[in-house]
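Several structures are given next for inspection.
Look at the two complexes coming up: chain A is in both, with chain B in one and chain C in the other.
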Partner chain A sequence: MSTPLLRVENLGIHFGPLNDPVKAVDGISFGMEAGETLAVVGESGSGKSVTALALTRLLASPPARIVSGRIEFEGSDTLLLSESELQALRGKQIAYIFQEPGSSLNPVFTIGYQIREAIELHRPEVDDVTAEIIRALDTVGIREPAKRLDDYPHQLSGGMQQRVMIAMALACQPRLLVADEPTTALDVTIQKQIMDLLKELKRTSNMAIMLITHNFGLVSDFADRVAVMFRGRIVETGPTAEILRNPQHAYTRALIDCVPKLGQKQHRLKVIDYAGID
Partner chain B sequence: MPESIDPSSKPLLRVEELKVYFPILGGIFRHKVGEVKAVDDVSFTVNKGETVGLVGESGSGKSTIGRAIIRLTEPTAGTIYYGDTAISNLQAAAFRPYRKKIQIIFQDPYNSLNPRLSIFEIIGEALEIHYPAMSRADRRERVTELLDKVGLKRDHLDRHPHEFSGGQRQRIGIARALAVNPEFIVCDEPVSALDVSVQAQIVNLLQDLQEELGLTYLFIAHDLAVVEHISDFVLVMNNGKIVEAASAEAIYENPQHDYTRKLLSAVPKL
Partner chain C sequence: MNTVPVTHEGNAQRLWRRFCSDSFARNGLRVVVVLFILAALAPFLANGHAIVRVADGQITFPVFRSLEPIEWRFLLYVPLAGMAYIFRRPLSRHPRRGLVVGGSFIVLVEIFLHLTHPINDPSNDRDSAASFRILPLVHYSPIETTPDQFSPPSWQHPCGTDSTGRDIAARMLHGARISLSIGFVSQGIALLIGVTMGSVAGYYRGWTDIGICRFIEIMDCFPTLLLILVVISFTGSQNNMFCIMAVIGVTNWTGAARLVRGEFLRLSAQPFTLAAKAVGASDLRIILRHLLPNSLGPILIVGTFGVASAILLESSLSFLGFGMQAPTPSWGDILSESRRYIDFAWWLAFFPGLAILVTIMSYNFVGEGLRDAVDPRLRVK
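Our next item is the complex of A and B:
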């Protein structure tokens, strides 16, 4: 059996005072194979983003403390890597896109410059960097990419900014793309375009994608597997179709039910009964 | 103009041929070189006690309509009637009573609450302006009552916005809108920034309050699934114009316009 791309074991991350910590991540374990898509679904505060940031030790410490566990990426424990080894891992092996593309891009540099920076840092072997930038922008569906190189982020819409972020991530040919709520700040129509783009990337590349979302509506025709997080724990995990069809945990069921469905007018929307879950 | 669903109910708000154009300035002297037609000849009515949904993408002009109704934006042409009064032409002083009747809830619960004020001050401010005779003790009593109505606690009164989650902040925004006993509330994307689980709580709260207080809503959003759920009647906007107007059921079952179909297909399917 081949080694998995990512293996997280008994990961625990605490914030706040030592004697009374907030257990943001409370002993979770999961894995990802190369090329696999995993959706981590949970509400704000469930620990899903903290988990994602911990993969490359992007959490500021203090206040965060990794108190237990291992994070193995291609066989080596990222928790033991030196700062320079981490630099090589971030972006090159594991790339991120975040919720607000507007605040992820640097407003004073052109998008061409920002993608160039990433390529020159992580892929020094590339001779024609400009051609590589244009190819990356083309892959994410930006029309006439050669003309957009000198655009500043503010000249692009939110959807286009997110495409630029994805292009920047792809330009380094990472093994794992972590998409942390990539469509939450966008209109539903733009959300569909970005999700269609991620689906296309999943089909055409061998990159693994971890999609972090609060919306079960996004996972059904995207993720191979789903992990549901609730209060720092993974309460349920399994193949997407199975979880959607037959959720085992009360929280998973509630999270699926609260998504408004077209054409099924209800008197009131279903809400999560937290008291009933514990 | 769209027909009302229930012909017996009276229109509370009537928007007639509303146009809002923004000038594009250029040249050294910043003269007008063109204009953006944010709202371009839009007419609709909202009946008392009903919810009309206004759906469209960013830039379609839907928020501009909401802002024109509460006069945060001046219309270029057209008239807005509240009951039988043309409120879009009133002088500021004559419009003041309508500021009490018409309230707004904003999208971003993080930026729409003053971080330096306590919850009591945020909600009580409206009471100070519209009910100057009210004593401080009475104001505290009223704000406590409002917090209870929106599902918050009495001991939240003296806390500040940063101590609350996004959903709780949206509840504070709703309590602030309710403080002056409004009849009509413009809900400008009130759930777009929230988790789906919190979205369900806030939508249900708005529906409960409508039932209890007989409120009338203009509900602005980009997600047709939410709009279909909460609305009696739906207006679909694209490029400053209403491209389709129909009952919530008809919009879903029998969309007439390509743009409506595009919005329907963008809704995530489970």
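Our next item is the complex of A and C:
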């Protein structure tokens, strides 16, 4: 067995006062193989975004403090890297897509310029950058990409903006793509399109994808494995089909029940009963 | 079926369109541009030497002989424009680099030229024999003394003369260069310091921010005018133009710093800052390439108002006698002289006062227009 792409061990991240910290991430461990898709599922505040940001030390500290653990990416601990080594890692090895595509793109620059920046930062060997940008935009399904280069983010729809974000992340051919709730700000049909796009990318490239979501509905036909987070801990992890079929933890069951099912008569959406979980 | 027209204009174009829709701002900008043209052409508008002179069958251009090194600016800028035209291809391929190179070249030329004293030759050739000549609009140089003292405005002297018979119109035209360039350069210095301080404080937060903010508060405790007077009294008799610019700049950066800090605090909490970081951009790159362009609007506004206040400050300094040295014309200097003769020589106070008023007002209109253009909430449609 080869070394895993990513191995997180006993990661602990605290916020707030030293003597009475808020344990946003409380000693979690997980791993990812190259090319694998892992879905991290949990409600808001369960620590999934914080975990994702901690992978390349993107958390602003203060206020965040990484108090324990190690994050090994391809054998080296990212928590020990220098700032310049981290800058080389970010984007090039581990790329991110964020929740709000509208505000994740810089409003004063054209999308072509922003993708160009990513390519020029990490792939100085590319001669024809413009062709590379067009190729990246084409990959994410933007029609007539050459005409879109000089568009500003505000001229695009939310779905298009998220495609641009994905194109930007893909332009540097990362080993791991962290998608932090990529569809939360989009409506359902666009959500489907973006998930289809990610699925397509998963099929055609050898890129590992970490999908962070609160929606179990997205997970079933996308992820190889699922990790369920609750209050800073991973409460359950395993192959997707198994977890969906036979959830062990009460919280997992509650989360799965939250997804409204078509064709089923439901009078009201289920609410998680925290008292029952604790 | 109607198709919705998609506007393909950038932020700058939208800003410009909104700016132009405000008639005060538009006309304010026009006045400022006209003032700059007048100031730039001052030696050709007010000079004791003829522009073209034909005598003994020879055509000469005496005005060029009387020019100080500072007037050679035009002769430096013409080849600069030529070079820009020749190298337009490589420059357009890297427009930012071209802008930086061109901008720094202009700044260097300006600083070099400003270090030399802008005093004109007091001699004249008005009375020399010539078969044909074209005299400048005001045919007196700003430091040339004539026998007719305190002559009221006339065709000969459009704005009258002062106690030593110097032509006020000529002095004002040449003084405009000093007032305007002091406004620009000192505000440039102030913005450079203020933007640097503010962006560092706003981006890094924490102790850096606290330190810089306390420093700003300490700076704000000093009455600006008093601080300037103290600094100038230390530099002593050698207070040339650059010294005054530097002093005004160094004492006036706090407003810009506060504004930029606030702007950076807001922008660095925006997701696109995190996204830029996630792509692997360095701090310097994020500050210069991502956050600064986003806060350019407010910086431009505060800079415009700052230019106006710097011009006013220079006038006050000259009025108090701490400004430019004696023969060098400046608006404040003319005003200061008018004080003693105000009971009969009204023109001594009226024209420079009017010039200051018009300039400050135009700058403020431009600043207000910019502010309205940047902030859509203030727009009345």
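Here, the second predicted complex is superposed on the first by the 278 of 278 C-alpha atoms of A that agree within 3 Å, B and C clash if a C-alpha of one lies under 4 Å from a C-alpha of the other, contacts with A are read in each partner's own complex, and residues count from 1 in each chain.
One rule holds for everything that comes next: contacts are C-beta pairs under 8 Å (C-beta built on N, C-alpha and C of every residue); 3 or more make two chains touch, one makes a residue touch a chain.
Remember, it's a predicted structure, so these values are computed and weren't measured experimentally.
Q: State whether A:A146 touches chain B only (first), chain C only (second), both chains, or neither.
A: Neither partner.
Q: May I ask you to decide whether A:A131 touches chain B, chain C, both, or neither, giving the answer as first, second, both or neither?
A: neither
Q: Examine A:L121 and indicate which partner it touches, taking first as chain B and second as chain C; both and neither are also allowed.
A: second
Q: Look at A:L105 in the shared chain and tell me whether it touches chain B only, chain C only, both, or neither; answer first, second, both or neither.
A: Touch partner of A:L105: chain C, not chain B.
Q: So in the superposed three-chain picture, is A:M168 touching just chain B, just chain C, both, or none of them (first/second/both/neither)?
A: In the superposition, A:M168 touches chain C alone.
Q: Inside the complex, what are the residues of chain A that reach chain C?
A: 53, 56, 58, 62, 84, 87-92, 95-96, 98-100, 103-110, 117-118, 121-122, 150-152, 155, 165, 168, 172
Q: Using the touch definition up top, name the residues of chain B that touch chain A in the complex.
A: Counting only chain B, the residues touching chain A are 57-58, 165-166, 195-201, 203-204, 207-208, 222-226, 228-229, 248-249, 252-253, 262-270.
Q: Can you list the chain C residues touching chain A in their complex?
A: Spelled out, the residues of chain C in touch with chain A are 6-8, 10-11, 206, 270-272, 274-282, 289-290, 293-294, 296.
Q: Where on chain A does chain B make contact in their complex?
A: Checking each residue of chain A against chain B gives 43-45, 157-158, 187-192, 214-218, 220-221, 244, 254-256, 258-263, 265-266, 268-272.
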